[in-house]
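Consider the two complexes below, in which subunit A is the common component and subunit B and subunit C are the respective partners.
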Partner chain A sequence: MGSVISNGLTNGSIYAIVAFGFVLIYRNSGVMNFAHPQIGMIGAFLFFSLWVEQSWPYLLAAACGVGLSALVALASRQLLAPQEGNPLNMLLGTLGIGGVLTWYALDTWDANPQFVPRVAPGVTVEFWDLRFTGAALLVIGALVVVTVGAGLFYRYAKTGLALRSVANDPLAATYMGINVERMSSITWAASGALAGLAGVLVSPFINMDPFFMSLLFLRALTAALLAGMRSLPLTALAGICIGLVEAQLIRETNTPGLTELMLVIVIIAALLLRPQSLGRRTA
Partner chain B sequence: MSKRSAKIRTLAVVAVGALIVSSCSSDDDNSSTTAAADTNATNGDSAAPNTAVPETEASTANTDVAEVEDTAAPEIEPGEPYAGEVGVTDDTIKIGYFLPETGALSALSTDLAKAINAVGFDEINAAGGVHGRQLEMVLYDDGSGNPAVTQASFKDAEDEVFAMMSIIGNTATTMAALAEEAEVPTVVSNIDGRVGRDSMWTFAAVPYWDTSSRLMDDYILSIADADTPVGVVFMATPNGEGARDAFLEEADAAGLNVIVEQPVEPVPATCSNEIARLADAGVEIVYLISGALPGICMHRAAGDAGYSPEAWLSPANGWNIGFVARAVGGLAESSTSFGHAPTLETEAGQHYVEQVNKFVPDAQEGDITVDGFLTYSPERLLIEGLQAAGPQLTREGFFDAMETSVSGVETGYGPPPIYGPGERSGPLSANLWVPGTRLVDGVDTPTWVTADATWHDEF
Partner chain C sequence: MSITPPVTEEVDHEASVAAMPTSWWRPLIKPLILSAMLLWWAANMFGEDHAATAVDAAAVICTVCGLHLLIQWSGQVSLGHMAIVGIGGFATANLAVEQELPLPLALLLGGFCAMLATVAIGLPALRIRGFALAITTLAAATAVSAYLFRQDWLAGGSLGILVSNSNFFGFDSQEPTSFVVPALVVALIVMFITMKIGHSGVGNALRMVANDDEVAGSYGINVGTHKLAAFLFSGFVAGIGGGLMVLDLGRATPEMFPASESIVFVAAVLMGGAGSIRGPVIAAIALVAVPEFLDIGHYEELVGALGLLLAVRFVPEGINGQHEHMVERVASVKAKLRGASS
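Showing the complex of A and B:
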């Protein structure tokens, strides 16, 4: 049981951090950003190049990777801005951007899998029946910091309050003098940064190629949908629940693809049972 | 233009600039090194320097090592003009060589790897060729086993080359059906036994996974008691499932205690959870039927979980295990693989090392590994067939020669294959080796430890 909890917490934290990016953009602009995994992948590859190939310090390389993802997301938003009133066009636009980013990564780093060394390889924490490596602790810690930090930011920071206002009613926020366009840019950049952070954190756990973040897409999207595409704490909880259920499923069954089947069922159920949760705004 | 828009555009330009910079720096590193080597370099490892050829007791396995220099036959007799065949001239024979130039396994297709892959051809060419004809390697991309890429390449190749070769299992499976239809002789390394046995124009040089799996129960009984908990982890592909079924059938007959049976996918969550399942069940011997990427995933997850079974076993894909070893910076002490080739300590291995040093002077110590037999061993079989087919070379003549003259031949570089009219059993025996770059007491130890150097059909 301890291994189910350890693995579920670690993997679920990764899913949650990826899912945060979906939620941020959706609740602010009503757009499902299908380029989100690729935006994170680009940042992760920059991190890989700087840390592994150029031997930069870990934190500096990670910051550059996260920063690049934020910039790419921001540039994506600017590119798609003329279509902002049309969610379908925006969605198709993000698909296109995702394709371009994948092409870029294939051209630059090719499809050859890269192997990122473990962070803090000598660190292992064991208590009760649980066991966490340094890399796993980093992932779980990041989820806690992001969730709490975002909660405080949205509650107390002036920009955070403005972002909430825009998410609730962009038209009213405009009348109140809030620059909606600026808030949208901030949201996209923050979402991109979270994608980059997820990419950096997950890279030591996976054979890293231009498609590696896409493997997380279904799980992250399910977490976001379970949270109604709105609440970050609920998204974190949903991500961890998915991680735990997945760990238990793999432990109990021999059927390949069962986790994916379960996730698709959950997505369909979420869309059927709570369609109103996706009706973000009426502006 | 507003100031804000200008700022945003500036940011966008910076983003594009950063992408270009990272692109440039990455290009520099993609020229010749493999991903695994890159990672190992970062870790400060010396990646699998398998050229250390210790003096060893003479191998009994390689008494029939064919000396290529002695087997070159006379050129075509004057007055007997060659009738012609696709890919063959009076001076050359074109062989289509399918490699993963794109896709997840493209690390096996660097310029250096290609040069090492060509050593078997270089060797026979330097000795005068086959009946006076030089072998010409024509490279085709298989997209790392991608069926669409392989099919497209095959369509090009079938009208350009005389025969074909491949090293990736999925590629071979795709090629087998096409070779059957086009009647193009194809020599492959790994291939799904259920496909290989029914594909008459395809000649497998490596034991099928299910063949290896039928040997595995005897080997387990030679190292452990029958009640030792065993777990079988397999790729959810026809090849993997066929090998699993073969193993379970033999294990059941032998009374082995198989307590876990589970598929594996190279997804991090899957690997960590599967390792947890093996550990929690108390599995002491893991039979991992997989390619390289799941192997890397599983060994990394095992390291994270502190799971160290008494034995990690794998079927005849030792080259994969070598790849895995370098990618994860060394395998556990208990890793063992059934191999399709002798190790480098043997007479055949030393001959191979000599040839690589001779024809690929750029190869460093760590570049010459037993993985090279993945290509060298099938090349030796192909050359045997070409020699036997005679100077009036036709595809049908080569086909007949493979069935009649190559079947059962002990080249020393791989287990003797069994081919015949309607029969493609392939090699029925395997070698056993422990891969290089092992972890001994937590320290990478770049040595080869050979458990055995003879072909076994039982242990």
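Showing the complex of A and C:
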């Protein structure tokens, strides 16, 4: 039972961080960024090259990876900007960008899985029945920091307030002197950085190949949809719930793909019961 | 005394032409002759490699025709068609191996199995629309390839299913130079049916539903039936496409139908643009043939994604739109020339 909870919490935190990226962009402009997992994957691979192959210090390599993801997200947004008013075209366009990024990763770091050593290998924390490794603690800590930090940022910082007003009513925000274009760029960069962060943090737990973030994609998407694509704390909660349920499912059965099946049923049920959570944003 | 000339009845030529019963076979002559020429050429001129490419193209054309009807005419976006192609492929392989059905029958019934599987996504699609439907189909496709294609009863375990029978109406289905003829015939039939649907009242009703389903409903069109029917048709032809792929290779494995490759079909439909199926068929042929003929090696996997991206970003009206522009431009140049000469 202890391992189910600790594994579930760790994986769930990753799902939540990936889901934040979806929610941020959707809240800002009603766009679903389907290149999100691939953007994170590119950053994680740069981190891998720098840390493992070039043996740079961990923090510097991680910062470079996160930075690359933010830049790629920004570039994607600039490329697709003329279509930003049309969510469906944006979705298809980002799908294309994701395909191009996957191809680039396959071309540069072939399809063989790479092994990433765990950060802080000696550290484990045990309390009650739970046992967390250093890498797992880093993931959970990152989720807490991001959730609280984003909450404070949106509540108190000037840019955060501007972002919220753009999300509420872009036209009114323009009249108040807010640069909507710039806010959109900031959102995309932040979302890309979160994808990169998730990629860097999850890399020790999995075999890194160009498709590893796509595995997180469905889980993160479900978490974001369950939270109604709005609230970050709710998204975090949904992500952790999915992580826990998945950990329990894996312990009970070994049927492959059962988690995906469950998630699709949850997505369809969520969209059928609450169709207003998507598509009717600007009512 | 003046003689008035007898009043001859004025014959309205246009009206009489319209009233004349049009023979049903007359519009078929040109396409039939073209098809026969194409098939003769395919049967005799294709080398081994190019025949294999043509069979691939036939399978993709089948899928893309159905997806074009679904996306451009009925307004429902499916991003997970590879899952349906896969279900059709596995069903065809199972029917051919387990039930020992003749291959053409297995192909047809495989299409029907794929059609039935489409109901699972077509029914929720009656309430989930647009953007949300795109997300749902993508998620469903991921689940199908992660769960369904790993089940032994459908996918036959880790090795997949081997189809040893290769007699397709006397053609050898595992020999591309021979199979290219029946494959192209199937693709031509699918294109013809799709075209006919597009020109029929059903096609008009579909486009009306896509435009505004409330207005369509108030005109007495059953919105739900039409939306579901569009899904069923696209599922059927996608299943046929998958069956062609399986028969061509002689085996069915999960790796043949990766969910991420659905992007190629969507790319073909978007590059084709709204309107007739001419655009998407050209785009489908281009997406399959260009990597083969140009021999661009590992850039091959890039073509679908890049095509989708460029189509969305730079040419939202697609090949059909470009064709219209061209026709307009030619007409205006002609008019100018006529004006200058007179």
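Just so we're on the same page, the second predicted complex is superposed on the first by the 278 of 283 C-alpha atoms of A that agree within 3 Å, B and C clash if a C-alpha of one lies under 4 Å from a C-alpha of the other, contacts with A are read in each partner's own complex, and residues count from 1 in each chain.
The working rule: a contact is a pair of C-beta atoms (placed from the backbone, for glycine too) under 8 Å apart; a residue touches a chain by one contact, two chains touch by 3 or more.
Because the structure is predicted, anything quoted here is derived from the model rather than measured.
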item: Contacts of A:226 with subunit B and subunit C, given as first, second, both or neither; value: neither
item: First (subunit B), second (subunit C), both or neither touched by A:83; value: second
item: Which superposed partner A:186 touches (first subunit B, second subunit C, both, neither); value: neither
item: Partner chain in contact with A:163 - subunit B first, subunit C second, else both or neither; value: neither
item: Which of subunit B and subunit C A:100 touches, first, second, both or neither; value: second
item: Touching partner for A:271 - first (subunit B), second (subunit C), both, neither; value: second
item: Contacts on subunit A seen with subunit B and repeated with subunit C across the two complexes; value: 107, 255-257
item: Touching residues (chain side subunit A, partner subunit C) in the complex; value: 32, 34, 79-80, 82-83, 87-89, 91-93, 95-100, 102-103, 106-107, 211, 214, 217-218, 221-222, 225, 255-258, 260-261, 263-264, 267-268, 271-272, 275, 278-279
item: Subunit A residues touching subunit B - in the complex, by the definition given at the top; value: 3-4, 6-7, 10-11, 42, 45-46, 49-50, 52-55, 64, 68, 71-72, 74-75, 78, 104, 107-118, 124, 131, 133, 135-136, 182, 185, 202, 205-207, 209, 215, 219, 243, 246-247, 250-251, 254-257, 259
item: Complex contact set, residues of subunit B against subunit A; value: 4, 8-9, 11-12, 14-16, 18-19, 22-23, 25-27, 29-30, 34-36, 38-39, 42-43, 102-104, 106-107, 144, 236, 261-263, 265-270, 272-274, 276-277, 279-280, 293, 296-297, 300, 304-306, 327-329
item: Interfacial residue positions of subunit C with respect to subunit A in the complex; value: 77, 79, 124, 127-132, 134-136, 138-140, 142-143, 146-148, 150, 260, 263, 266-267, 270, 298, 301-302, 304-310, 312-313, 316
